[in-house]
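Heads up, the next two complexes both have subunit A, just with different partners, subunit B and then subunit C.
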Partner chain A sequence: MEGKSKRYAGAWMARIICLSAAVLVCLPLVLIPTGAVMDDMELRQLLSPVMNGGGGYAKWHLVPLYPTIEHCYRVFIASPSFYQLFWNTVGMTAAILAGQLFIGLPSAWAFAAFRFPGRDVLFGLYVVLMLLPFQVMLLPQYLVVQKLGLYGEPASVILPAVFSTFPVFLMYRGFTQIEKEVLEAARLDGAGEMQIFLFVGLPLGRTGIQAAMVLGFLEYWNLVEQPMAFLEEQRDWPLSLYLPQLTIEQAGFAFAVSVAVLIPALFVFALGQDALEEGITYVGMKK
Partner chain B sequence: MKGMESKKKLWMGFGIFMAAMLIMTFVSRIIYVSKMPRIRWSYFTAASIQNSFSSEGTVEAVNAQAVTGMEGLLVKKVCVAAGEQIETGTVLYEVDLEDLEMQLSLLEAEERVWQAQIQAEKKDAATEAARAAEDYNIMAAQLDRKIAEETVLLEQAEEDMNTHMFRIPQEDAPDEVWIAWADERTRIDREIKDRQRAIEEAGYEKEKVLKEAARSMEDAQSVRNQVEGAYSASFSSVGQVQAREHKIETWKELIEQEGRVAAEQEGTVLEVMLQAGTRMGEGAVMCYADTQSSLVFRTVVSQEDKSMVHTGDRVHLSFPGSSEEVDEVIDSIVQENGSYTVTIWLEKGVAQGRTEGVMEVVSTSEIYDFVISKQALHNDGDMNYIYVVEEKNGILGTELCVRKLQVRLLDGNEDKAAVMDDLLESDMKVVVESDGELGNGAAVMEF
Partner chain C sequence: MREKWQLKWRNKKSGELKKSVCRKSGIKRLLFLLPGFLGVLLFYLLPFLEVVRRSFFKAGNHAFVGMENYRAVWNNAAFLRAVRNTAYYMAAGVPLLMGISLILALLMRRLTARRKLVSALLVPMAVPAAVMVLVLRILVDKQGLINGVLSFVLERAGGGTAFTGTDYLNSKGALAVVIGSFLWKNTGYMMILWLAGLAGLPKEVEEAAAVDGAGRWQRWHYVIRPQLAGSFFTIGMLSVLQIFRSYREIWMAAGSYPQENIYFLQHLLQNWYLKLEFDQMAALTVLLSAVLLVLCLILQKRLEADAG
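Coming up: the complex of A and B.
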């Protein structure tokens, strides 16, 4: 009896701890929409301890004292700047994901479906490249981009991402879940390799592909380092570079922009959540 | 199946979101563009600035003839106006004849009174002079008679002295004889001296009395002469007498001319200073320039406009009501009470019959490097500035924006302005027209 009550108390304690952590984690999601409708003066008062380098802690009102839609008006109606960057981001992300489907998908299928000399070495290189952080790859990528004459062009961000190895790895993991017998059966039935890829591989490896796309979207939607390194013209920037330009004077503006940035990511996450979870499990599986 | 429905709704929501973003993209761009000022621009030009101003003035005759009014007479009609050309004999004005005759009769009566007074005074003066001459003659006769009597007595005493000297006693005569002779001699000698003194005193007396009598006679004669010469205690000066006589004479002539006053020579009426129904005062009532007179144009310019006119500058003159226009040279500029009087001597025959004119001055500056339309120049208090168009690479791509540039105004007129600043370059695009308010860094569109 005593042991039962101890377990009961422990469970409650764990719940409280987890809930507290969850509240802390989710707090930005509360700040963003309330900040978007908060008056500039109120924002300055609340954020000045941290934004102006002063001492103390920032405060927050869950319900704004002086609610306003001025920031939303400025972001969504008064100026097309936000939309320019929004569509830049959409275009860049879409191009990268499309490129990854075009380049990475066949590569992943090749690693998963075929046995050829040097395959393991090549795959090992892919894994190494996947592990290298961007800071390590920055100089080589810069040299290549410069040599190709793409510096300053959106392609300088898109092309390196298109040839990223992580989605190949993820999709490869998805394809490896297809039973070899299924592929053999298709071959015995007279299906060609392309037919097997299109009609067997893609439907059965869909989860891995979706996971790669969802993760890719979330990564490239918030891309910061690559555009900052390779893009000069503001007109080519993604939204992720727009937000750091905003100061405390434009905090409300930044919150309004953040809301807009958040929405597509939420949609994509909701749409690909199942595939994402499954894809992540693939990563952890043994070959 | 439920998951599929949920996904479908999510896809639909995502699609709606993206569609809304697309629509809002167009809406925001339309709003942005509709609020964007539209501008026209031009480059700087190197040019000079022409400044012009006009000033109204008067045309005046240097040797203007004044028509002196007939003081006290009633004007019946004014027959000419300023600016009118007149010939010799042109009737200038008419006086009221009845009033003139009445005024003349009054003046003549006054003259008669004065003449009577003069005659009386002449008579008094003549009587006084005659009396003075008579007194002089009587006094002179009396003194002459006294001197003559004294002279006889002196001669008698001198004869007695001579006789007495012959009756000198003998040397041996007694002392009493000698004493008696000496006493007699002393008496006669004293008598001689007394007579001599009396004659001398009578001479002095005569001289004195005659001098006084002569003076009285001279005074009387002087008064007589004054009266004869029309000087009288009743009048302060001969000028008034002569003026009245002249006035009577003139008025009589005027009556003969039926009250009409005519021009003595041809010319142009410059100014008329009398009105029908009023009495003329002292001085000129009309002014006209004969054809031989020189004309000058005079106008007053302000301190501000003075910088545009200089002695020797060529200016354009026009005359209201006339098509005549001439270019003349400024002869003098004189400062008077904070303003400047500009004088231009007109050539013979110019502006005849004109009384007013307009001077137009056009001054051309040196060539400035940075000349813009006046519309392009803005000012805020003492600060002058322009907006230059530049291309700006921003989030929306390459946009036109304006930059505020402070400049120094060197010169300007109603249309152009010459400006200067170290930052100015000839290839700058300067905003000359805008349909909205501009601000530093504002994005703009061209018309």
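Coming up: the complex of A and C.
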């Protein structure tokens, strides 16, 4: 009897600790939606220690005193440049993910379904490439981009990302979950390679594809270093590079832009959380 | 229909036919890989080899200088500082990340309804760095929210002694901010890996130990921990690699020339890039990728051995 109540108390402790960790992680994000609907007077008053120095510390109101849609109006209606940058982000992300599907998916299938000489070495190389930080590839990619005359073009960001090896790895891991017998049965029944890929591989390996798309979206929605290195004109930039340029004086506007950046990312996250978790474990687990 | 199937079966069996089928499908199979591989070759492998070549030449007149660029990097004060900073960052960040995420995973494992809590800890993966940095600037400013809360609490507790906040990003505390944001971003990710590792352990052993009267600590120490050795290694390696991949937030929060304790190798590469000092940059690129390559290969070997 005593043991049971002890275990009960232990479970409650575990729940409380995990809950506090979750709250701690999510609490800072509360600033974004509240800041986006707070009017400039209030923001200036709350953040003035951060903006102008002077005495005291910044404060925050979880419920704005004078809620306003002014910032959202300025972002979504009064400033056409926002849409330019927003659609840059959307276009870049969509082009990269489409390219990865088109190029990476068959590659992943080749690694998963076929044995060919040099396969293991090549795959090892793909894995190394996906784990390297971008700064290591900065100079190599600059040289290619320059050589191909793409410097300053959106293609300089899109093309290297299309050939990224990370989605190939994730999709490969999805395909390896398919039982060998299924493929053999299909082959025995006379299905061609293309048919097997389209009608057996794609439906059965879809978790890997979803994981690649979800993780890819979160990555490319958030591009910073690549556009900074290769795109000179601000009108070609994605929002993720524009947002840090805003100063603290424009906090309300910056919060409203943040909401616009955050909503699609959270939407994809909420829809694809299972695929996301699957994708994370693909990287760290044995075959 | 039946004859057709039998014919196909016979074709499969006869060696001669099979060979030609194989060759034909071999080409078809190659076509799956080729477009992607050519792209990887063009955008990753070949330019990287070009960088290796360039690391032995002077940038301006293309004269062969042997190891000169490497020597220049090695004797560069900023390089040495960046290496030391990275070592500190790693020495503090990796154990903290692994420890916190492991504890959370062990606790989470005991909860039946943990889905929402796991989601909450993963949310940072979905928050674009630019958004996070906007919040960070308000939090860690000298007169920001963190110091505000601290002063409120400490002045109450200390009975009215004055509290002066630290300007975290411009003082020795800068590394703490960097580690904090690293933990914020990656704890959920690593926790998922620990949970996957824990889920792979056979339940029976732990239950048997519990029946035999092993306490929670004993079960952890003698049953769970030894079985998690593989996960320890993998998660440790991935955490180290993640250290190198956490530049984006640092750069956006503190700029190209941050407080000297958070000046990392990535800053150096980025700044040499902007100053077009490609010869030293090439040498540093080769050095850094050699180190990371070794880490990746060890990780791969280990994963294969586990699978083996």
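Assume the second predicted complex is superposed on the first by the 257 of 287 C-alpha atoms of A that agree within 3 Å, B and C clash if a C-alpha of one lies under 4 Å from a C-alpha of the other, contacts with A are read in each partner's own complex, and residues count from 1 in each chain.
As a convention for this text, contacts are C-beta pairs under 8 Å (C-beta built on N, C-alpha and C of every residue); 3 or more make two chains touch, one makes a residue touch a chain.
Quantities reported herein were computed from a predicted structural model and do not represent experimental measurements.
Once the complexes are laid over each other on subunit A, subunit B and subunit C both fit without any clash. Of the two partner chains, subunit C is the only one touched by A:28; subunit B is not. In the superposed pair of complexes, A:57 makes contact with subunit C only, with no contact to subunit B. When both complexes are overlaid on chain A, the residue A:81 reaches subunit B alone and has no touch with subunit C. Residue contacts after overlaying the shared chain place A:234 against subunit B, while subunit C stays out of touching range.
Once the two structures are overlaid on chain A, subunit A sits at the apex of an angle of 120° toward subunit B and subunit C, using CA centres and rounding to a multiple of 10. In the superposed model, A:253 makes contact with neither subunit B nor subunit C. More residues of subunit A lie in touch with C than with the remaining chain of the pair subunit B and subunit C. Judged by the touch definition given at the top, the superposed model places A:10 against subunit C, while subunit B stays out of reach. By the touch criterion stated above, A:263 is placed in contact with subunit B alone, subunit C being left untouched. Between subunit B and subunit C, the shortest distance over C-alpha atoms in the superposed arrangement works out to 15 Å. Overlaid on A, the two complexes show subunit B and subunit C touching the same residues of subunit A, namely 268. Chain contact summary for the complex, subunit A toward subunit C: residues 10-11, 14-15, 17-19, 21-23, 25-26, 28-29, 31-32, 47, 49-50, 53-54, 56-60, 103-104, 106-107, 109-111, 113-114, 116, 122, 124-129, 131-144, 159-160, 162-163, 165, 168, 188, 190, 192-194, 197, 218, 221-222, 224-225, 229, 239-241, 243-244, 246, 248, 251, 254-255, 258, 261-262, 265-266, 268-269, 273, 276-277, 280-281, 283-287. If you check the complex, the residues on subunit C that touch subunit A are 8-9, 12, 25-26, 28-33, 35-37, 39-40, 42-48, 50-51, 104, 107-108, 110-111, 114, 116-139, 141, 143-145, 147-148, 151, 165, 184, 187-189, 192-193, 196-197, 200, 216, 230-231, 234-235, 238, 241, 244-245, 247-248, 251-252, 265-266, 269-270, 273, 278, 281-282, 285, 288-289, 292-293, 296-297, 299-300, 303-304, 306-307.
Considering their complex, residues 76-87, 90, 233-235, 237, 242, 260, 263-264, 267-268, 270-271, 274 of subunit A touch subunit B. By the touch criterion stated above, subunit B contacts subunit A in their complex at residues 3, 7, 10-11, 13-14, 17-18, 21, 24-25, 27-29, 31-32, 393-398.
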